[in-house]
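Naming follows writing order (A, B, C, D and E), and every chain is counted from residue 1.
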Amino acid sequence: MEFNIRLAANRKSRAVLPSDKTMHQVNPGDLISKDSGYMRGHGTYFDVDEGKILASVAGCVERVNKLICVRPLKTRYIGEVGDVVIGRITEVGNKRWKVDAHTVLDSVLLLSCVNLPGGELRKRSEEDERMMREYLSEGDLISAEVQTVYSDGHLSLHTRSLKYGKLGQGILVKVSPSLVKRCKNHFHNLPCGVTVILGNNGYIWICPLQSNEGAEGGFMQRLDPISEQEREAMVRMRNSILCLAQYKMMLYDTSAYYAYEASSQYQLYEMLKPEAMQNIVNMTRQRIETEM
Amino acid sequence: MSAANEVRAYQRKEYLLKFLEQDVRPDNRGLGDTREAKLTLGAISTADGSAMVKLGHTVAVCGIKAEITRPPTDKPDSGVIIANVQLPAMCAPEFKSGPPSEKAQVLSDFVQQVLLDTGMIDRTQLCIESGLHCWILYCDVICCNYDGNIRDAVLLAAVSALKDVSLPMAQYDAEQENLTIDKDRKRQLTLSCMPVSLSFTLFDDAVLLVDPTHEEETVCQGQITVITSGGDSICSVSKHGGASLNPEQLTLCISKAKQRWCDISKLMTSNHL
Amino acid sequence: MPQDSRRNCHTDESYHPDRFLSICKFNTQNNTTVINDNGLRIDGRSSSDSRPIFLETGFVTRSKGSSYIEIGNTKVICACYGPKQLQSKDTGLRKGVLSCELKYASFASAVHKTDQANMLEKEYSVLMVDALSPCIILDRFPKAQVDIFVTILEDGGSAFPAAITAASLALADAGIELYSLAIGASLQQHKEWALVDPTHEEENMVALLGECTGSLCIAYMPGLSQVSMVSQQGYITHQQLSQGMVTLIELCKDVSTLVRRCLVNSIQRKGQQESSVGD
Amino acid sequence: MAEVLLSQAEKIFIVHGVEDNVRIDGRSCLEYRSFEIETGTVSNASGSARVRMANTDILVGVKAELGVPALRKPDEGKLEFFVDCSANANPKFEGRGGEELANDIASMLSQAYGDKNTLDMRKLCIADGQHCWILYIDVLLLEVGGNLYDAVSLAVKSALYDTKIPNLTLTTNEEGQVEIDLSDDPFDYSEIDVENCPILVTCCKIGKSHVIDPSVEEEVCSLCRLVVSVTRTGHITSTRKVGAGSLLPESIAEMVSTSREIGISLNEALLNKLKGRI
Amino acid sequence: MATLKLTTNDQVEVNNYHQDGNEDGGCSMSIAIPGQKLMDINSDVISGHGTYEHKDGIYSSLAGYVKLEENKEQPGKTMVSVQTTRHKHLVPVLGGLVTSRVTQATPRFCKVDIIAVEKSIFEIPFRGLLRKEDVRATEKDKVEIHKCFRPGDIVLCRVISVGDSQSYILSTAENELGVIVAYSEAGAAMLPISWREMQCPRTLAVEFRKVAKPTADYIDQIKELLHKIVIK
């Protein structure tokens, strides 16, 4: 029996490795700009007396034209319309589900925003109201799209497309939302045999490869055992994504896949060790950099 | 059967009325009949004195534990008796777990008061050395099954458990300032009298029901308790709530209570044999 | 000491009389052997003998189901209420919930119980939920809670296993659907001896003698042949533990025939009552 | 317990994974995660340790104080366990929310340490019936992320290893009373023999198999767990079934022997690591 | 031998299993206890009330008499069930009839205590909710709660949903459902005079209620009850 016990004194620092030289990192209260011509965005505040824009969170400064934002390293998800999110049902209420999507306030999924079994154009009856728990119950995971962002920050979701809906067997990984890169597509069928849904809210879903045609809104679920090969691929992907997240690397299809390939020299269980993690991250980073 | 049960559940008052019109009670007793009382002494071997009382279905168990303490400052020559009544959540659906309910507190005070105020026990016999050591009797009554008239049951349990108490001999050596206890030699307590209570309730402000069951208590008002201690002596008469009584009714209560004392005293002696 | 206004109490502290036993007496008390040269225990049983058991249902008339059990001097009453509607919002939507409360009467043990928040009672209550919830078909009463209240009137040893047996009997009496009854049993390992169904004195010996001893308590579900609770403490070997389990399971099977007989009797009695009412 | 919601399908995935011997973090069923220990974390305690195992984070402080031995055991010192569930670990622990879990862990620990052969309490006695050391062991749960019992017991053992008890000199005065003198030298101390202190090993029944060192998700999937406390010599000092499930006698036997083997080697590994540092 | 002191029965019985043997085989097989295997699962038997299926057998989950009867819905199959002398239902069941007492009436709904399901009477009531739209099958919009129910009325309802965790959702939208017992302002039990009115026998005042149409069965029961009381 082998045990891997470490002393904290020997711990290696897990600081963010500077990858991007142009990255401008700030702490709360740090000066970002004295130029009053800029507009202040999320994560900043305006010091009226001094006429300066200061950071209110720790993170990286981003500029889009005249808008200055700070993208925090660790945060809750701030919704944007059209984002793909993964959420977990926490409560079944009156004509709505409450969803945990890593936002500050609970998100809601209205009964009217869901494709019910039996077709898109079906009328919702009183029967459906009583059957809500049969469709989605507490603990179920869904993929959804943000439909509305209300002024207080809570989100309304919808799953009115066959690619969204209830999720079946798979692994959920939670990372900071700021690590998920905004892309055109967040559903990725990777060549290693897994499907990864990178939710903008930092929830990442890893499941066996799924064809796009057979999407049925998740009401038909596969509950038979998953083959060992598929399972290992999924677990490897999970550990790879956690490695990247631990070292604050941006997550998108390429980085995830590269990390997966970089990990191939390790056994599954070895990937939990800090040395292996660092190695995988370094290899991934190098590969991305050379390709840029 | 089921219809009768439904009326019993939904229209309790009507149900009882139907019986009382026939001068009979749902458990087949007459209006003035008490339930059968049973008494067992010394059932709990871990206690220094114990008794179990049954009035119909109502069951109360009293166990007395004796410990050593310092006598109260105002009465250096006397011992201490502490009575507590518990109505655990087990005994009926209406009781909750947690600290003693109001009802339990009222009962505790009632028992404590009767034990002390009737002078049934001379507390100086609990004293070992004046001002220094005395016995303290923790007299805990637990209601195991609550089916009405809990007052009579707990009091009877407490009184008969006191009768059952046997204390180890204690000796104080003034020179050595040493208290020794000899568990092999024991003594009984001397009780000067035996207070026995009998409770009544009033149905419809008019009909006196003796030794009521829980079912009767829920639709009746008022409680009359008469405590007698043998012969003609009456320790206490109390009446709470309900309509006023006429003197004849009260006289009836008292005479029934006297009769009750005789019955219980017979029961007690038969148990001691 | 803070005064509790809801109970009658004395202002001074009080002490157990054993504190004042003359020294020689105190010592002789400790020196008694648990098991003599003939392999007999203090009360004359052999190590594998259990004490006589008395069981009865319907003790607490206004409960849904109740039971009374007596094993040697141990006396336990148990009552079961419910199912009643759950108060809290988030739990038990699909399944029912079981709650147990075990209380010692203040005169149940050698020492008068004063401690209001008794740790042992709490621990036993938690263990009891673990022991009984596997045998209840909880999905037959969603959104509801079944309460079990146990009062130990006298602890003459093995009170907790007796409480488990009593509770499952009360559940059966209440007509709550069960996968199986749960029967409790315990033993006390003393050197090479496994003392089955120990008395209170034997349980206490361990604390005092304390060399390579231990206690083991299990709850066994004879219907499913599964163990629903294990609780062991002390210092014993792996072999002793597994051997103890085997011994106790046998004991549980024996006790379960008594529980069965008690239930059959109570059903027959109820049947007779009903038919006599019918006439 | 820190409850995590899981969908039915996720649970099925985990259960099948355990049966295939591939857990969601890539471990096999009988594999322990790597964990980190740190001793001497709290400078004003007699001994302390912190254990971090995945998301479980435990801090243990030991404080030695003088006291009076118990009436029934005049020649022994005392161990007092106290567990504090920080509301940081789980918002549910706020107020009295963590009490049940705290009592549970504390009673499990005192049962595991209940026997003389684990930690010799007689060595903590200073003068028979008059003075003894009382070790107050405070366990603080900073974060709860699965396999709590194991992590706590590892932290307790490490903290006891770290504990330094000042040496005392005893003198008897004319009245036969024992007087105690505490040495002024801060380096004049003795250590506690933790060789045979037990470690709790949780064996979690999932589907038809069992795993050790379960993650939070795995704990949710399992109906019942067996917590076994094992000493270095392979003696079992406490066993407890936790959770609402029931077990076949054969699986109990299997789980106990798994836990025992893990416990023996884990004890060995921990001691080696602790000693290696000095 | 222990001396038994706390027993409720007069006859003291001591069970000492050393003398026990297998004599309980003598008691008729028709009594089962929880966890007892009743039979192997086969295609001809259905597990009914008070039983459960486990592995390859049908087991009893209650203590009571075993009953074998032909299943009404699937002829040719035998239903095995265990009947207790106690209440059949532990909790209100979806679609079942319940008896409830109105505790609160608002313009939009009534809050009720469910005190019985069919013949099983609960010691501790369950909370139920009777919404305005579920009072009547027709003319739902014209329902006025205060003309249908008053606090204290005993109402027969059907459970239409287990609802959220707070209360069961009930309905009286059937002729046979509605008020079965109500008291007039004078305090007397009123008699039904139409499907929407009841009359006080003392003052002859007429009050509005959503009255349940008494079933023949119910009338029989009342007769039986009166008969019994007269005999006593």
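Everything that follows uses one rule, which is that a residue touches a chain if its C-beta (ideal position, glycine included) is under 8 Å from a C-beta of that chain, and two chains touch if they have at least 3 such contacts.
These are the chains along with the protein names UniProt gives them: A = EXOSC2; B = Ribosomal RNA-processing protein 43; C = EXOSC6; D = Ribosomal RNA-processing protein 42; E = EXOSC1.
What you see is a predicted model; the values in this text were computed from it and never measured.
Asks: Moving only to chains each one touches, count the minimum steps from subunit B until you reach subunit D.
Replies: 2
Asks: Compare the CA centroid of subunit C (EXOSC6) with every other chain's and tell me the farthest one.
Replies: Result for max centroid distance from subunit C (EXOSC6) is chain A.
Asks: Which one of the chains is closest to the middle, using the mean of its C-alpha atoms?
Replies: Central chain: C.
Asks: Could you see whether B-E or B-C has the larger number of C-beta contact pairs?
Replies: Counting C-beta pairs in contact for B-E and B-C gives the edge to B-C.
Asks: Roughly how far is subunit A (EXOSC2) from subunit D, centre to centre by C-alpha average, rounded to an integer in Å?
Replies: Result: the chain centres lie 36 Å from each other.
Asks: Measure off the straight-line distance from the CA centroid of subunit A (EXOSC2) to the CA centroid of subunit B, and report it in whole Å.
Replies: 69
Asks: Using mean CA coordinates as chain centres, what's the gap between subunit C (EXOSC6) and subunit E (EXOSC1) in Å?
Replies: Computed from C-alpha means, the inter-chain centre distance equals 33 Å.
Asks: Rounded to the nearest whole Å, what is the centre-to-centre distance of subunit C (EXOSC6) and subunit D, using the mean of the C-alpha atoms as each centre?
Replies: The mean C-alpha positions of subunit C (EXOSC6) and subunit D differ by 28 Å.
Asks: Could you list which residues of subunit E (EXOSC1) touch at least two other chains?
Replies: Within subunit E (EXOSC1), residues 6, 8, 123-124 contact more than one other chain.
Asks: Would you pick out the residues of subunit B that each touch at least 2 other chains?
Replies: In subunit B, the residues touching two or more other chains are 43, 59, 61, 93.
Asks: Please give the residue numbers of subunit E (EXOSC1) that touch subunit C (EXOSC6) in the complex, ascending.
Replies: Those residues of subunit E (EXOSC1) that touch subunit C (EXOSC6) are 1-2, 4, 6-9, 13-17, 20, 24, 27, 31, 33-37, 50, 52, 54, 59, 61-65, 84-87, 90-91, 122-124, 126-127, 162, 165-166.
Asks: Write out the stretch or stretches of subunit C (EXOSC6) touching subunit D in their complex.
Replies: Listed in rising order, the residues of subunit C (EXOSC6) that touch subunit D are 19, 119, 122-123, 126-127, 129-130, 133-135, 207-208, 210-214, 216, 221, 224-238, 241-242, 245-246, 249.
Asks: Of all residues in subunit B, which touch subunit E (EXOSC1) in the complex?
Replies: So the residues of subunit B in touch with subunit E (EXOSC1) come to 2-7, 9-11, 14, 18-19, 22, 24, 40, 42-43, 52, 54, 59, 61, 93.
Asks: Per the contact definition, I'd like the list of subunit D residues that touch subunit A (EXOSC2) in the complex.
Replies: The touching residues are 5-10, 12-13, 16-17, 19-20, 22-28, 30-38, 50, 52, 261-262, 265-266, 269-270, 273, 277.
Asks: Could you list, by residue number, the parts of subunit D that touch subunit C (EXOSC6) in their complex?
Replies: Answer in residue numbers: 71-73, 100, 103-104, 107, 111-112, 114-118, 223-224, 226, 231, 234-249, 252-253, 256-257, 260.
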